[in-house]
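Working notes, beginning with the structure itself.
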């Protein structure tokens, strides 16, 4: 590939990585606090719809952002309620949120806008426009989020408590801090970041909502989270790598790579998942999740 | 004389379990106050209520004479109460410093709080001799060090009441002595210490007062200097204990189980069983004494085929076992059966019908049909055992968790004994079992010995070991530190061996 | 329970009554997976049907399927309730049409974009390569860089047919022009992925393309948007997409599925509906390039003249546009 | 996961009923919100799925898929394994069936069909056994690996169907049609042999296979030694260790059986209806299996009943979408999600009040604290 082509692919990789990174960091905050979340996909989708719908109705991208964040936050808190207060199975709850979001966005979208679940295309102020190096404000916020996540997770009181909640919640509780509150904070941040990712997809990138437009990004983000071993800076690089793979895959249709011959696009698409399985299996390195994640914290046992 | 703590008529219910029933307790300021009781007597629950971890169902708590409302540990900490839990409340992936900081960070950003905490730790290290490396990861430090971290956590928060729940369960005797010295220093500095334990010797050794709990109730209060071990023990069990089992003379036959140079390393590479060799003959009970956590559990599990042996050999009734392929079901086929230390974790499936729990480990027995399990045979098997072992209620189809602890333990014993083992491994046979069942179980084991079977008994209750065993092996730090016959064993001597003072060194 | 039982009775009664009303034409449509409002193919059919409804006052029923299993069910349901003709939109419907047409030999089926050989099925296919040739020629003439792009949806012979016609048109106008070609994907998802479409168009534009043509259904919206955002020109497909980004869409390659649907309904009403194959090209005005107020300023008189000349030449047979699907090869 | 103890009959009837009622109540609110009459929608849903022979046939056809995937999830669940991969396992099972049907075209149905069914089972089993083995031997969390395996299956199948298996000249990434001998006998066809006329529907003998599979799962879990080991592993893994139950063996076998059951979906769809292999033929039925298993309390009888309910939802939902275009079939996805939410994640919410109503406890002040 020529140099300019590489630059183009890198740029495209950043754009495709941004929503992944949002969802990945979202998962990080939730799982580091002890709540496993396979509902990243659903939350992103809900935010994408709410964001595009609100932006289209109000004509303001900011309103879209707010609506998207609220929708995702609401689902995050629902997951939190099931996992924290009801001690429900977190996998099941995440699954439910994915289904509800997939159904509800298409159903309400179809009934509301009468375009088979799409929202009208967003124009002008209803979408985010590039402000810096061809990046729009959301891309910049997203990259900022990774560094802020690192800062707050490792350097702040809240981050310390959150990490403790995900490793040994009883230790946190006996230190006089409410595990419930910390975990709710974790799922709330998760909701907001998923919301950001969803709004990025619909209001910034695609300028409109389509049913199922997240197309598995929430699950790639989950894979990226495992791959990054639940750490923010590796998450940044993993998401960029996965975004880059996507960018390359898009351009690979029917092309053959010098030296490698014809590489099926599907092989590149499957690569993040395969790499994650290999890492999980401990064949190369090992990914160990936060110890208490997925286990309901029941104080009075 | 002022009271640091007053608990008045504390009740605590967990669903339909009544864990504390109208408990009263007064603790004098600047004293070491022991609370003893058997497992399940409600000690830990009571202390968790005092520490705000559980809310009491009803009752009053007074701290320094003032009524206190404990909604969470935060309230307890604010009132100057610190607690060192039996299972350490530490986050292993964090550093010592971060663990101590947790909940007392001193500001939104950690950096300022960390500096201040380092200075504070240096002072405490000087005052009490509590030295720790603040930058070590908790996962990398030993048990004794972890306990220090727990005590430091309480002290840096300004605790003047310190609760320690079974602090010596995982300590070597030397470490325990160091701890007691430290507690005395703290008391002399004016702190109040609550020590929860079921080891009577410790009570006598270090406390000023002692309160005895039994079945969720406060049974008695004593001033330590005016009481005796016997008096406390009687109060604990509610009637005169007769731990003396009527036994005839041992009649040892051929060697049924021989262990040579057994080594077990755990997944972290820590040596748990360190070159242990012994033999067990037909018609004898060999007891293994030791502080819990000194390799007895791993030894038992290795012999039962549950733990991989790192090296060493096992011979069962003259036939060597292929130790590279240890497998519990294979050992059972060869006649080695196993009453596990923890029946809830290993011995039973609580959600199964009792008769299903009654075939655990024997599910491949020809007695239970062909490809399909013969339900009638499974049920009638336990029904017969229920008669012999007086297991109540006599319904093999009830779920296992609807039986009491003693009856559950009898289901396990019946299962392992009634199939006629050559060798029986028994771990903690009477843990959490009522007095009546204890007597029954002891008699049953003795009868099995007299029938010419070999029994290896592991128990942390020294009295139980001494009452039942023909020979006693003592383990410390994974090694066998000494062997005594029933005739020449005494608690003091065994205690030294449990502390790692070996025959050679002595 | 009573209301439910009553409801059952009503529903059963309604079904039984379905066969009675055969007096007037009862047209119906089953859309493909993209949905009625895909701004493209399905929407074209919808517009044709709406036109018929406005002109004749005859209502029609339509159904948007959500998964493959529903195709057959949809056709069967319409057929049993006495609807005819039933328009099937898209090549994916072929096997379902084939099956249900055999079960209901008296019902008229019209399938668009695919050939189904049954005595009661009318198959309508288009000569997309001809229309694509014309817009290719326009793209080459409008391009300042001599580089143009093509973004296809799912990589199937039909879309290669678009691409091949387009390339021929570009090269006809400018032998040395570069054409960047990309397909979005290999599965149905490639029709509804505007983000990927936008990325592909962006990369073509970054490599120098200043006119990008798409044949990618919903994905194409992303292509046109990326072109518009970059200040370049897009070319729409199927429906007239000039109005999506006025002044930024050079033209649209019209594939008159609306005409096909309208004709099918109208012929059925008039009793002239015939089964068999119909091929619609430039000559039959089945394909065309779009000119309206939105792109008036972009299509200069010269450009219009060149395009119209090409149309005339193709109709006259002076220009032979190769059909990719005839031999699965593109000469360019 | 249990919040309160209930008698078995209540556990199998009242709790799922409460869950469904709650899910339908919330769904009703959604219907109301988009401006339709929920009672009317309910009526169409029921008459569409049960009001005609055709409706019933379609309901049973959909239920067939759900019985297979529901049993798949339920069986693994009994061993303490959360198999989210039924979707991918069924997808691969379709490949197995297709390979047999396409490579042995001359065989008569009596040989070809059993071979294809076995191939589907084996392929599904293998795709499930790999995550099982990784869980048992390498400790990789089976939830994550099965999710990943679903996506890997999607890519693999897309690649195969696009590049190697596509019928020549076809626009669609799908194989050519299988020989007619590879088509599972349909109910309408069988019944017409006896002179009974029923409307044409995709319902085929796979439905009977599904019922047999349900009986087999019951027998396996509650009456065999392997089932005993599966349940022991699921209820108390350390007790399984103590009992000498080979954890790896049981996990891998259970996942294999689970994948095999998921393969039933391919039998019904690929061999029963489509008669060819096409992209995404699983269309989410594997995920619905999770809802079905949760609602059916991981018991075969419960799974069959829940499958019938979901079959009604699918068929009635199609009729609803047909009748009232404003209520698209996505409504069914919403109801599914709500069932999973109420029956799975929030199940304790209804157990507690039900337990209280039944007066099982003398005291109900802290019914949350007991865990099984």
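Here the chain labels run A, B, C and D in written order, and each chain numbers its own residues starting at 1.
Operating definition for what follows: a contact is a pair of C-beta atoms (placed from the backbone, for glycine too) under 8 Å apart; a residue touches a chain by one contact, two chains touch by 3 or more.
From a predicted model like this one, the values you see are computed outputs, not experimental measurements.
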Any chain in contact with chain B as well as chain D: A
Neighbouring chains common to chain B and chain C, by label: A, D
Centre distance in Å when chain C and chain D are each reduced to the mean of their C-alpha atoms: 37
Whole-Å separation of chain centres (CA-atom averages), chain A against chain B: 45
Gap in Å, rounded to a whole number, between the CA centres of chain D and chain A: 28
Shared-contact residues (touching 2 or more other chains) in chain D: 158, 162, 328, 330, 366, 369
Per-residue overlap in chain C, given as positions that touch at least 2 other chains: 64, 155, 186
Residues of chain B engaged with two or more neighbouring chains: 14
All chain pairs that touch each other: A-B, A-C, A-D, B-D, C-D
Of chain C, residues touching chain A in the complex: 34-38, 64, 155, 182-186, 189, 192-196, 198-200, 202-203, 206-207, 218, 221-222, 225, 244
Residue numbers on chain A that touch chain C, as the complex places them: 4-5, 8-9, 11-12, 15-16, 114-118, 121, 201, 205-208, 210, 212-213, 215, 247, 250-251, 253-254, 265-266
Residue ranges of chain A touching chain D (in the complex, touch as defined): 38, 78, 82-83, 86-93, 95-104, 106-108, 110-112, 117, 211, 216, 219, 222-223, 226, 264, 266-267, 269-270, 273-274, 276-277, 280-283, 289, 298, 300-301
Touch list for chain B against partner chain D, complex: 13-16, 57, 304-306, 327-332, 338, 340, 345-352, 356, 359-361, 363-364, 368, 371-373, 375, 401
Residue ranges of chain B in contact with chain A within the complex: 14, 51, 53-54, 72-74, 76-78, 83, 85, 89-94, 98-99, 101-105, 107-111, 113, 153
